[in-house]
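Note sheet for the following structure.
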Amino acid sequence: MSLSRRDVLKGAACTGLVLASGVNAQARDKTLPPAALGILYDATLCIGCQACMSGCKRANKLEPDPSGNESLWDNPTELSTKSLTVIKQYRQNETEDKAQTVKSGFIKRQCMHCVDPACVSACPVSAMQKDPATGIVTYNKKACIGCRYCQIACPYNVPTFEFDKPFPQIVKCQLCDHLLAKGDIAACCQVCPTGASLYGPVELLKEEAKRRLALPEGQVALFPANDIRTGRTVSHTTAEYQQHIYGEKELGGTQVLLLSSLPFAKLGLQDLPEESYAGVSENIQHTLYKGMILPMALLAGLLYFVKRNER
Amino acid sequence: MRERDIITQRLGISRRDFMKFCSATAVAMGLDASFAPQIAQAITAARRPPVIWLHGQECTGCTETLLRPSHPTLDHLILDLISLDYHETLCAGGGHQAEQVMHQSIKENEGKFILVIEGAVPVKDGGVYCQVGGKPFVDTVREIGPKAAAVIAIGSCASWGGIQAAAPNPTGATGVPAILKEQTVVTIPGCPPNAQNFLSTVIYFLTFNKLPALDSKNRPLFAYGRLIHENCERRPHFDAGRFAGAFGDAGHRLGYCLFKLGCKGPVTHANCPIQLFCEVGSGAWPVGTGHPCFGCTEEGVGFNTPLFTQAKITIPTPAATPPPITTEQESQVTPLATTLTGAAVGVAVGAAMMAGKKATSEDEE
Amino acid sequence: MSPKSAPLSSRIFTWQFAFFLLIACCATFFIVKRFIFGIGSVANMNNGYPFGIWIALDVVVGTALGCGGYAMALLVYVANRGQYHPLVRPALMASAFGYSLAGLSVVFDIGRYWQMYNMFLPQYMNLNSVMLEVGLCIATYTTVLWIEFAPTFLERFGLKAPLKTLSKMLFIFIALGVLLPTMHQSSMGTLMIIAGYKLSPLWQTTWLPLLFLFSALCMGYAIVIFEGVLSQTGFKRPSEAPMLAKISRVMNWCLGLFIGLRFFDLFTRDAFGLAFTGTTQANLFLLENGLLLAAFILLLSPALCKKPAIHFLGGCFVLAGSGLFRFNTYITGFDPLTGHTYFPAASEITITLGIVAIEIMAYLIFVKTLPVLPSIGKEPHKI
């Protein structure tokens, strides 16, 4: 007896159906860890002083990164192995909508510490880990093999790789978790003079973000600074906010939340769906390889056919 | 006699002015103003510490600059607070008489006097290029140095050779620390140094009977702990990228940063922007007058790096203007890479075509 | 196993061989440089484009070119088309080379290569990771390929006893040799799903695993045709045209499925319009699919297929088009939208060319010293 071509094609089609059905197969449970820590960055309070960048370099013992200009300044144009956080500035150009009231704005780039981190899902050797309590996404160089798949996976282009070193590492913001043990907070929030970068439990930060969105424009209000739990406040005149907390729902949410008076797309932040890409990828993978049942069944069938057809 | 009268009589100033001076000195040294009474006591002590002041290869600019301050006048301080037993420029006497006074003072105050050396010490050819009283200066330094309680090298020449040590250094000019290797020689570099820095060092020694904290080049940290660049009044212009491009251009007239004119502020440790010079008010220091710092307090910079050569920024900090949201990276396409790609694709396509042709022709045979 | 194979008895060192050796030497120089000064010293990969041609060409396209063994095993052992058996051994050998050298590329592409074994340590394994599946599966399959190919060595050196034992167990490895590529070739598609918006909608789809599987099969058959024709003309061997023509028919079925799924997916996602926007991505998409459609149409007629020029041309189009599909999915269709650009450095290209050169040299050495190609009963011409 021999298998007809038709049978083979049927088999292939079945495999395809299983593959495709995998997309909606399971709902993964990815929720905010109980003691999740994060940062609320309010671009309307940021003055672009870049103290956070300097503070970050001191706390993480990083070299200056004069990329992109005359080496006079520590001015990275992007996140790099020497810069875990970067302040960027949007400036309205001549071709853009003149009616737009906000002409300029800052944005702080750093690891978003996703609720469902793509890098953690992607890493083959578990070098990227999400702390079960604080939710901080950490990197373990002892595990890392340097495949850079985390970089492909990260929707915010955060992890960077030391291409210039013979024994390289992945470098990313780890929310100053080395300072947490000492009772300190993330250096960028510690040094922020205006409270634009605010550290604290994500639940509190979310409440605070919602409070700010509800504030009427132009009113003098108190804004918590440095660490939301300490009660230290700074007074500012409220700006007109975009009624959107970036990071509340994006790809399952992030522990770094962003507020701005400019549309986030202008600040280089993509419009992202609520379902994470990691979830889509894992669903396919788990559907196909759950308990290795499907591959084993396929192997059994193959063994049967090969044994029979072998001469 | 009451203390007040002593001060009034000896220094010719009111007690109030004197205490103000003591507080100011304390602050200059990085001490709390509450040290002022202690300083006052040290200065007014009955036994004034003897000072021997030697001159080597120098221009006397350091002495000159010490004569400038007027709050109180330094001549008062030098003549009344300390016992300046020997100073070639200020000596009333001369020749053998002066020499004798010096040797007598050294003998009487061995281990107690402060030795101040101004000027470089030439060592080439047995040190014949600088002799006082028929004796090579290097021998004098070696002889007197070990007998002093403290040795202070004032000025860049005494600190590391200064302009004399610039290439080709025909006389083998050397700094005092290199001659007196066995002991700590405090250096107060500068061309000229700030009088306040010297004065503060001496008073610190008188008050606490020890030397102030020093950096790796034996400069007092209170004066040389930070880069000029860090405290410069024109720093905001640097951060914003506003530079003078040439002397007298628009940027120069607007008081922009002098970095591009060769300012050595980013590599020079000194307190010039804070302390200023000569008590004549704001702007009284080189950068304040529109001239780039030439790095006189930094060995290897002043008299070594050409005046208009740009300094290297060792610890860059963020500029005032953050980068834009998206920075287009430079194209990586190189002619060689494109050639290689083209050649590889060409060879592959060509080989496939040839093989295909061959296969066809064989098939037709 | 098969007494019908024999080594070619021609000279190994020819001017062509010297040319490939030169390229391999240049590549070796740059590989040494990479290990001393880091990846950035020879390659243009950057934080926006962390995967370069070493992954996209050497591994993703390279292993697909190495799918000849997989495709033929599927045809011969599963679909029971025993008449194609003479083509299995050369295909297996090419697969073994393709996969081994892809593995080699990974060693110098991976940053922390000295910790590569972490992939095999259970405490480090992340079962959610597609990369883990691909890595482990490729490593296992490469081993399986060499075991499948082992009878060739055993025959050459006359080791009868191990040959007998292996022959008994070979069916297990043949079955594994079909299962494993099915797994990792599809996973190579899954690999890019997590890139999300960074991969252009022209390529980003949840059908990627199946598309990659079909493209691997297409390329597997295409490479068998390609090598068949080349070895026939290159080594002056009798024509295998009738057999290759039939394989080209099988290939066209796979290709039809691929194209069907590809366009069904593009239309259902409303992404097809992007193909005509004139961007580099769009143009490469058109080129990719133009090549595949051309091959499909060319091979539609069974009569035309019989002409070596036609099935050879069809095979070449499939290799180019399907290879481009894979390359586009990994490099040109990928844009992190951060202003980063990527074009390989000359040294980076040289390393990839060196890998290809090593592969060709090894192929030449093997067919001339081992019983790989089907025996033709008489002394072949020297080349």
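Order as written gives the chain letters A, B and C; numbering starts at 1 within each chain.
Please note the rule applied: a contact is a pair of C-beta atoms (placed from the backbone, for glycine too) under 8 Å apart; a residue touches a chain by one contact, two chains touch by 3 or more.
Note that the structure is predicted; figures quoted are calculated from it, not measured.
Asks: State the pair of chains with the top count of C-beta pairs in contact.
Replies: After tallying contacts for each pair, the winner is A-C.
Asks: Computing the C-alpha centre of each chain, which chain sits at the greatest distance from subunit C?
Replies: Most remote chain from subunit C, centroid-wise, comes out as B.
Asks: Centroid of subunit B to centroid of subunit C, CA atoms only: how many Å?
Replies: 67
Asks: Using mean C-alpha positions as chain centres, tell me how far subunit A is from subunit B in Å, no decimals.
Replies: It comes to 48 Å between the two C-alpha centres.
Asks: Roughly how far is subunit A from subunit C, centre to centre by C-alpha average, rounded to an integer in Å?
Replies: About 34 Å, centre to centre.
Asks: Where in subunit C do residues touch two or more of the other chains?
Replies: Subunit C, residues with two or more chain partners: 46, 48, 337-340.
Asks: Which residues belonging to subunit B are in contact with no fewer than two other chains?
Replies: As it turns out, subunit B has residues touching two or more other chains at 326-327.
Asks: Quick check on subunit A: which residues sit in contact with 2+ other chains?
Replies: Correct list: 78, 268.
Asks: So in the complex, the part of subunit B that touches subunit A is made up of which residues?
Replies: Within the complex, subunit B touches subunit A at residues 238-239, 241, 259, 313, 315-327.
Asks: Once bound in the complex, which stretches of subunit A touch subunit B?
Replies: 48, 50, 53-54, 64, 66, 68-69, 71-78, 86-91, 106-107, 266-268
Asks: Applying the document's contact rule, which stretches of subunit A touch subunit C when the two form their complex?
Replies: 2-3, 5, 7-9, 12, 15-16, 19-20, 23, 78-80, 118, 120-127, 141-149, 151-153, 155, 157, 160-169, 251, 268, 270, 272, 277-278, 280-282, 284-286, 288-289, 295, 298-299, 302-303, 305-311
Asks: What part of subunit C is in contact with subunit A in the complex they form?
Replies: Going by the criterion above, the answer is residues 35-41, 43, 45-48, 50-51, 74, 76-82, 110-113, 115-116, 118-119, 121, 124-133, 135, 170-172, 174-176, 178-179, 182-183, 186-187, 190-198, 206-207, 209-210, 213-214, 250, 253, 257, 261, 334, 336-340.
Asks: Mind pulling up the subunit C residues that touch subunit B in the complex?
Replies: So the residues of subunit C touching subunit B come out as 44, 46, 48, 226, 229-230, 232-234, 239, 241, 307-309, 312-313, 316, 337-346, 348-350, 353.
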